[in-house]
Structure formats: C-alpha cells, structure tokens
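Okay, so subunit A shows up in both of these, paired with subunit B first and subunit C after.
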Partner chain A sequence: MRADRFHRCVVVLLSLLLTVPIMATLLYSLSQRWEATILPEGLTLAWYGQLWHDERFQAAFSHSLLICAGSLLLSTLIIVPAAFVVCYRFPRLDRWMNVLILIPFSMPPVVASVGLLELFAAGPLPLVGTPWILLGSYFTIVLPFMYRALADNLRALDIVGLMDAAYLLGASTPRAFLLVILPNLRKGLMASLFLSFSFLLGEFVFANMLVGARYETLQVYLYSLNAGSGHFTSALVMSYFLFTLVLTWLATRLSRSNK
Partner chain B sequence: MVADAVSARPRCLRYWRAMLLLVPMLALLALFCLAPMGWVLAHSVQGEHGLSLEHFWVILGSPFYRQAFDNSLRISLYSSVIALLITLFGAVSLRRVDGRLKNAVIALTNMTSNLSGVPLAFAFIILIGTNGALTLLLRQWGWLQDFHLYSRNGLILLYTYFQLPLGLLLLYPALDALDDHWQEAAALLGASHWAYWRHIALPVLAPALLGTFILLLANAMGAYATAFALTSGNFNLVTVRIASLVSGNIDLEPNLAAALSVLLVALLALVAAVNQWLLKRSYHAR
Partner chain C sequence: MFYVEIDGLTKRYGASTVFEDIRLGLKQGEFVTLLGPSGCGKSTLLRCLAGLTTADQGRIRVDGQDITTLAPQQRGIGMVFQNYALFPNMTVVENIAFGLKMQKRSAAETAKRVAEVIRLVELAGKEARYPHELSGGQRQRVALARALVVEPRILLLDEPLSALDARIRRNLREQIRDIQRRLGLTTVFVTHDQEEALTLSDRIFVMNQGRIVQEGTAEAVYTQPASEFVARFMGSYNLLSPTEAGRLLGVELKGHLAIRPESIRLCEPGEQYSADLGAPLRAIIRQHQLLGNIIRYQVETEGVSLQVDHLNRAADDLLPVGSEIAVVIDRRQMREVH
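And then the complex of A and B:
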C-alpha cells in the first residue's frame, strides 16, 4: 500500500506541474490586481469584457476561424477521396503515402517558410501576405494527421465487402462511397477535424512569417500585445485556451464513442 | 481479342479515374511542401558565382552561428532529458493508479498540450517574468534570486513544459511492453526494485525511451514560436536566426537562411539515423 501512495503522489505532482501555469493565468485574468500577494485582489470579469469588445480581437479571431475552417474544408475535400482511393484501389500505395506524409511532418515550419516566402513572394503565384498561402501551408500541416486517421479508419472497415455489397445493389462507385463508406468515416473524420482545428488555431510560425499583420490571426494579435496589460493578455490566453479545450474535448469524446 | 480490348478499356479508365483523385493532394503537397524544400536545398549551395559551399563555410566559421547551434542543441538536449525523466516516472506511476484518476490525468495532459508557442510564453511571462505575479512573491521569500525567464534556463523551463504532454502521450502506451509478472518473478529470484529496473525494465523499454527522446529532441530543435515570443527574437537559436534572415527588417539573406535550414534538417536527420542504428542493436531486435 506504501507503493500505491507513492504512485499516487507522483501522478498528483505531475498534474500539479502541468496545471499550475494554466490555473495561475486563469486567476490572473480574473483578478483586478495581483502583485506580491499569495492570492490576487478582487475578482472581476472586466478583462474578458474589454477583450471581447475589442475590435482588433474580434477581427483577428474571425480571421483565425475563417482560415482554419477554410483549410480544413480544403483538406477534407482533398484527403478523404484520396485516402479512400489509396485504401480501396491501390493498397500498395499506402506504404509510399506514409513516407510522403512524413515529409511535411519532419520539416520544421521555419524551414518550410523560408522556401514558401521566396517562392510565393512574386512570380506567377504572389501569395505571400494573403491568407491564401496559409490555406496551402495549413493543408500540409493537417495532411499527416488526417490521412493517418482516415487510413486507419478505412483499414478497420471491410471496404471491399461494403463496396461489393453496394455494387450488387446497383450503386455506382461514387454513390457507394458517399452513401456507404462516408457515413462510416464520419466520427473518425470529425475527431481529426476538431483536433486539427485546435492546433491550427495555435499555429504561429506560418501566420507570422508569411502573412503577419496584413491578415492578422489570433496568434499574431496575441504576439503583438507583447508589452500590454498582463491581465488583458492573460484573458486572451485563457479565451484561446478554453476554446481549444472545447475542441479537444469534442475530439476525444468522438473518438472514444467510435470504439 | 476484341472482347479483351473492350473489357480492358473500362478497367484502365477506372484506374486512371481513381488516380485522378490523388492529383489534388499530390499537387498541393508538391506546391507547398516539396517545392519549398527544393528551393531551400537548391539555394543553400547557390553562391554569388554559381554553385558553392560558401554559405556553409560562413556559418561554420562564424562564432555567432555556432553559438546559435550550441544554444539550440543545449536547450533541446536538457529539456528533452528532463522531460523524459519526468514523464518516465509519471507514466510508470500512472499505470499504477486507479482508472478514474488515470483518465483524468490523461485528459489533463491532452489539454495542456494546447498550451504551447506564444500563449505558453505569455503565461510564463505573466507569472514569472520580470514583473510576474509569482516573481515578486517568490523574491520576497528569497527564492528565484538568480533565475531569469529570458535566459537559457528560462527557455529550458518552457521547453520542458511543452515537452511533457508529448513525452507522456508517447511513453505511456509504450509501457504496455512491461509485463507485471516480470517484476514478481524478479522479486522471487531475489532481485531488488532497482535491480529489476536496471536489468529488466529499462532494457525492454530502451527502444521506446530512445524513440521518445528523439521525437522530443526534434520537436525542441525545430521549435520557434515559444522562444521568439519569450525573447522577441533576441535569444540566439538556429530557428530564430533562420527566421530573421528571411523576414527581418535588415540583412535579408535568404540563401544563408537556406544553408542554415539545411544544416538544421541534416542535424535532425543525423539524430534520427543514430536512433535507427541504436534501435537495431537494442534488446528487442535480438
């Protein structure tokens, strides 16, 4: 029983370590003043009110939501059919796909943005400084996660059997895919979408280097606050954090009910 | 013959129609990932007069860039080792506690993995920055005297924090490789707790530990946002140097940035290769 208590202690300590910065930021964002005392003075929601009425924040937040939703829509439209085709028609390609999707995963975003910045600054596709370049680069971020999730999901299904059954009933391939395979992928797809949404919302490197203030996202706005009021900044950090929290919570709930 | 040709055509057509669905994905990947990679590779060896390795010589000969590599390597190494140790203890204990606490902690870990980059840096600045809420408090108590968040130690602290969730999520499933009966068997044969870990558990876990370590190291080496937000780009790291060479206000030298990028990626590849080599020689391969 002594060992049990020891393990409990370690786990509780680890959880504390992980939560202290979050809890403290939350407290700070809710307090009027917090200087050199153990607990802050006066609880208030004023910082949140100020933040949510700030026009620059609203603009940045809607930019972020638009870009994330746009990239996820693009990724879904492209990756879902591709993953299906690979698993159904060319199962042998799956190994090569795994190598291919490792490339964006293994390249640090800073390195990728060096090339992107030079390639798309001018020339036939002058995308630097526009939100469009983020759609493309976010696609490469999402690709490994979404492809892997979909491919695993598809492998767990008996696609050949399902497709054959649909053919026997007179469905064409696209129709069988839409009506039979897609509903089976819904939960896995939604889980990977929520997860991708939460880490795209936290993406800073591409947003700052490729677009910056010309189409300000939430992270770039947060960065620009740098020396402002700590309470205001922490209200922003917490709002962002709670938003992603809801997204990850939805993702885990969906992937759990999937099993 | 004729019948063959007729039945072959739709199959061939179907094949190409299916291939067509892969085209958008490959095109986007080529445009936004492979092309930039190619650009970086090509321009890293682009000197003033044709091909040359001059940028690499500049980097290797410059104390400033060597310091950037030194800082990046040290911070990544220290934070990965600390995070690995903490998560190893955490993961072992996590397997021993009851289900509800376990699930809660795993959910918490997932949750905290969202706190990285700029928000993480700001959370720490607010708390233990120069005028942080806890700094003043801890200084009053006489702690934290010679600790500065905006230094190497501060970065190691932040990096360790964002490595913890990743380390735990990677390591926790790997511990399934340990069979609980082994510990009992070892104890019956007279092995102490320490002897069990030294001769049985750690060798079995070695591949997982190494793999986790490599991923943490690569994660830290490539990280940029946290350090950039914490020090406004004033701390000398490889990623900070690369970014400032292409997006700063002065001294734009994209080719030099490309050469730095190649060195960084080569370093990561080297680490991964060593990992593979060690894995082959490890306990599990035999």
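And then the complex of A and C:
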C-alpha cells in the first residue's frame, strides 16, 4: 500500500512538473493583464485573435508547414528505398549507416550552419537565404529518426522471406516492394514522420542562420517577437503547441486503427 | 526421361562448397524428399530449383525446358517456407489471390479459384482474417493454398512443418500428402526429420555435406542404409564396430555392422525361437524406456550395448532392469556399412 502511494505521488509530481509551465503559458496567453497580481486580471481571447489575424504570422506558419512537408517528402523518398536496400541487399552496411546517421547529431547546428554558409553563400549553388537550403539541412535532422525507425521495422519483417514469396508468385522487385514491403512499413514511417515533423516545426538555428527574415519560419518569427508583448508570444506558443498536440493525437489514432 | 532433371549442380560460397555435382531426376507427380542434417545443402538446393539462388555450375531442366537461368517469376514453381512468409498486411484471401493478381486474372476467375483452394486446405470461415490472427497450422495452410492456387508445375516445401507442434504436424503432413496425390503434383520436400521423410515420400534423397549419399524408396533407405552416416541418421540403428561384431556374432567385417533395434528379439529362458535366426545370446537389461506402443530396451551382451525395440503387446510385457534374458539377432536383417 505504502509503495503504491509513493508511486502515485511520483507520477502526480512528475505530471505537475511537466504541465505547470504549459498551464502557466496558457493562462498568460488568456489573461488581459498579469503583472502585479498573483492571479491574472480578466480573461480574453484577444491575443489569439490578434495573432491569427496577423499576416506575418500566417506567412511564417505557412512557410514552416511548407518547409516541413517538403523536407519530409524529400527524406521519405530517399530514406525509405535506402533503408530497404540496406536491409535487403547489404545488411552489412547497416553498421556504417548507424555511424552515418549519428554525424548530424555530433555536429551542433551552429557549427553546421557556419559550414553551410561558407559552402552555399556563393559558387555554383547560391542557396543561402532561400528555403531550399533548409530542405537539405532538415534532411540531415530527419535521417537518424527515420532511418532507425524504418530499419527496426524492416528487421522485424523477414523481408527476405516475403520478397522470395512474392517473386515466386510472379511479382517483380518494384511490385513486391510496393505491395508487400511498403504497406508493412507504415507504422515505422508514420511514427518517424510525426516525430520529425514536430521536431522540424520547432527548429530555429538552421532557419535563423541560413535563411532568417528572407523566408521567415515560425520559430524565427517567435524569436523576433522577444521584445513585444508576452501575452502575444504566449498565444503563439500555445497555438503551436496545440497544433503539434492535435497532430500527434491524430498520428496515434491513425496508426492504431489501421492495425 | 525424368520430368525434373538436375545435372551436375554445384554451389559454392567463396571457399566453402554448399553442394557439389548434384544429379537427380524426378518423375512427374512424384513426392520426393531431400533428407539430411542442417547445413547439408538441401535448402540451398531447393532455393536453386526455385531460382532464388543461382548455382555456379550445372543445369536444371523441367519438362525438357532448361530453367537454369530463368527468373523465379518465370519458372512456374510454387514454394512453401518454414516460417510461412505470409504477407502480414493482407487477409487470407488477399494472400492467396496475390499470385493470380500478378498474372492479371479476372476478378471472377480469381474469386472462383481462391474459393476452391480454400476448400481444399480446409480454411473456410477464415477468409477475412489476417495472418497474425491465425494459428501456426492455419498459417501454413494459407501458405500452401497461396502456392497451389497458381497451379505450379512443381511444389517445393522447405521444412514446412518444423515450426509446428507434434499433433498439428502429423495432421498437416497427411493433408499435404493427400492434396499432393489428388492434384498429382510433382513435389520436393526438404526436411531433417527422418520420420517425416519416411511417412511422406515416394523416394528419398539422403544428403550429407553437400552430396547425395543415398537415394531410394523410403523402405529401401530405411532397411538398407548405404553407409554408416545413413544408418546413424535414419534412426536408432545399432552400429557395431568390426571387433564388436566379431566377438558377438563371429563374423569378420571391414566396416560397421548395422542392426535395426526391431530386428533383435528378446526371448525369455526356455522360449522357442526359429533356428535360422542364429544362436541366442545371453543379455542383461540395463535400461528400459516406454515409448507407447514400443518398449525400448538397452541390453548388454558380451560387453556390447544394444538397443532392442519390443512391441508392447501386453500390460506385463515390461521386463525389469537387471533381468537376465536371451536375445536373438535376425541375421538376415543385419547390414555391413562403411
């Protein structure tokens, strides 16, 4: 009984620790004034109204969505076939892939950005300042999540057996991959896509250093609001948070109902 | 002229040889087993036949057509795998219909043939299930149906029963044999289980270390092992070294003497026995083991330990350990092996 109560206490405390900042931000974004008093003075949705009607916010949000979607599309198109080929034909390469996907982690984004600035500021590919450079940079962020999730998914599948069976029933390699392997990767793919999506939506360093105000993303916009009203910023943070929350909930719903 | 002919087939991985110079022929409609311990090359041979692995040398012909370099899709060969290899994202019906879909058959024909084959493997009522909702035996039936529905020229079975438990294995084995007979399907079965091989096969090819060491009917392979390896592999043969054979039976041999446990008889003192079997030997029972319808005795005679299988006829048949008895070895059933 005592151990039980202790465990419950730990869970409650942890939940509080995690939710208090979010609840405080939510409350702040809903309050008219909250300066000299313990509790806010008056509740309002005005900050949200102001935010959602702000054209700069709308632009930043759509920029962020576009870049995220683009990066994820590019990553999916490259990583899914790559992971399949590694697992099916060259399982020995998996070790090298694991080293490869760690490289983006080992290099802090600030350092990587400086390098990218050098490389792409001029020369044959002057990408700095355009959203295109973010697609490439974000690919390196997505790579570890997506490759690991897909490789684990593939390893659990007995792909050699499935491909053999499909071949003997008359399927070519592309058809076997599309009809037999790909549908079974949905779980790993979905999980890594949503994880990467929320990660990319919150990415700041690359976006700020490589593109900045020339194609403003949500995080760059948020940073530029630093000097402005805290209520307004809170409304932005909460909108962003709720968006990711709904998306994550949808993702879990989707992956569950289809299995 | 054989329906399937394998001629001088060789497969190597680097320096190690998986199998070498394999020659065998199958008649149409025959049920043939490749029997051997794991690592003897039997599964790789089957994969070469299916086209999933390419051989380094040799030719494979089916019905006069050279299929050695043909892609697996074009061979008209069906295969059932040990771990089923069912498509997890498809229902039973979708799994079975996959091959017909690849052949672009009409929906009506597909539905008709899938229904037929589902009836054949007794899976009615499970059409909409996914593989993970089925038992091991049912999964293997789906795999069998999936291979049969495209009407292959040859059916390959790669240890299809080893992942199943004993009772289901026996049932499914009989069912596979029954279906194979009804369809007159040329079938190659791979197993390491000699009992499975003996009960199912028209002919058995025993493989060891990449070579076929004996071929023949189940009866012939079991009663006339061609080598010490086959005798050991086929079951519980008593193998006597030349000196033991000399001491026990007064015969002079170069190789080992193989005696089947069921060809040795126990006689209690005073019991009559037929004279042409040879003189009885005095023996002591060291151990006994009840295997249901058979009692397996370990007896010792002249310092030689022998296994004797005795039909468990009556309840009081079990002789206690330490009993002194006489054994008679049926000399006609003995065999010298090298």
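Throughout what follows, the second predicted complex is superposed on the first by the 249 of 259 C-alpha atoms of A that agree within 3 Å, B and C clash if a C-alpha of one lies under 4 Å from a C-alpha of the other, contacts with A are read in each partner's own complex, and residues count from 1 in each chain.
Rule of thumb we're sticking to: a residue touches a chain if its C-beta (ideal position, glycine included) is under 8 Å from a C-beta of that chain, and two chains touch if they have at least 3 such contacts.
Small disclaimer: the values here were computed from a predicted structure and weren't measured.
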{"item": "Subunit B versus subunit C as contact partner of A:Pro183, first or second or both or neither", "value": "second"}
{"item": "Which superposed partner A:Ala3 touches (first subunit B, second subunit C, both, neither)", "value": "first"}
{"item": "Larger contact residue set on subunit A - subunit B or subunit C", "value": "B"}
{"item": "Partner chain in contact with A:Asp158 - subunit B first, subunit C second, else both or neither", "value": "second"}
{"item": "Subunit B versus subunit C as contact partner of A:Leu168, first or second or both or neither", "value": "second"}
{"item": "Contacts of A:Val114 with subunit B and subunit C, given as first, second, both or neither", "value": "first"}
{"item": "Subunit B - residues contacting subunit A, complex", "value": "14-15, 18-19, 21-22, 24-25, 28-29, 31-40, 43, 86, 89-90, 92-94, 96-97, 101-102, 104-105, 107-112, 114-120, 122-127, 131, 133-134, 136-137, 140, 161, 164-165, 168, 218, 221-225, 229, 232, 239, 242-243, 246-247, 254, 257-258, 261, 264-265, 268"}
{"item": "Sites on subunit A touched by subunit B in the complex", "value": "3-4, 6-11, 14-15, 17-19, 21-22, 24-25, 28, 34-38, 40, 78-79, 81-82, 84-86, 88-90, 100, 103-104, 106-119, 136-137, 139-140, 143, 173, 198-199, 202, 204-205, 208-209, 212, 219, 222-223, 226, 230, 233-234, 237, 240-241, 244-245, 248, 252"}
{"item": "Residue ranges of subunit C touching subunit A (in the complex, touch as defined)", "value": "50-52, 71-73, 75, 77-79, 81, 83, 85-89, 98-99, 102-103, 143, 146-147, 150"}
{"item": "Subunit C partner contacts - residues on subunit A that touch it in the complex", "value": "157-158, 161-162, 164-172, 175, 179-180, 183-184"}
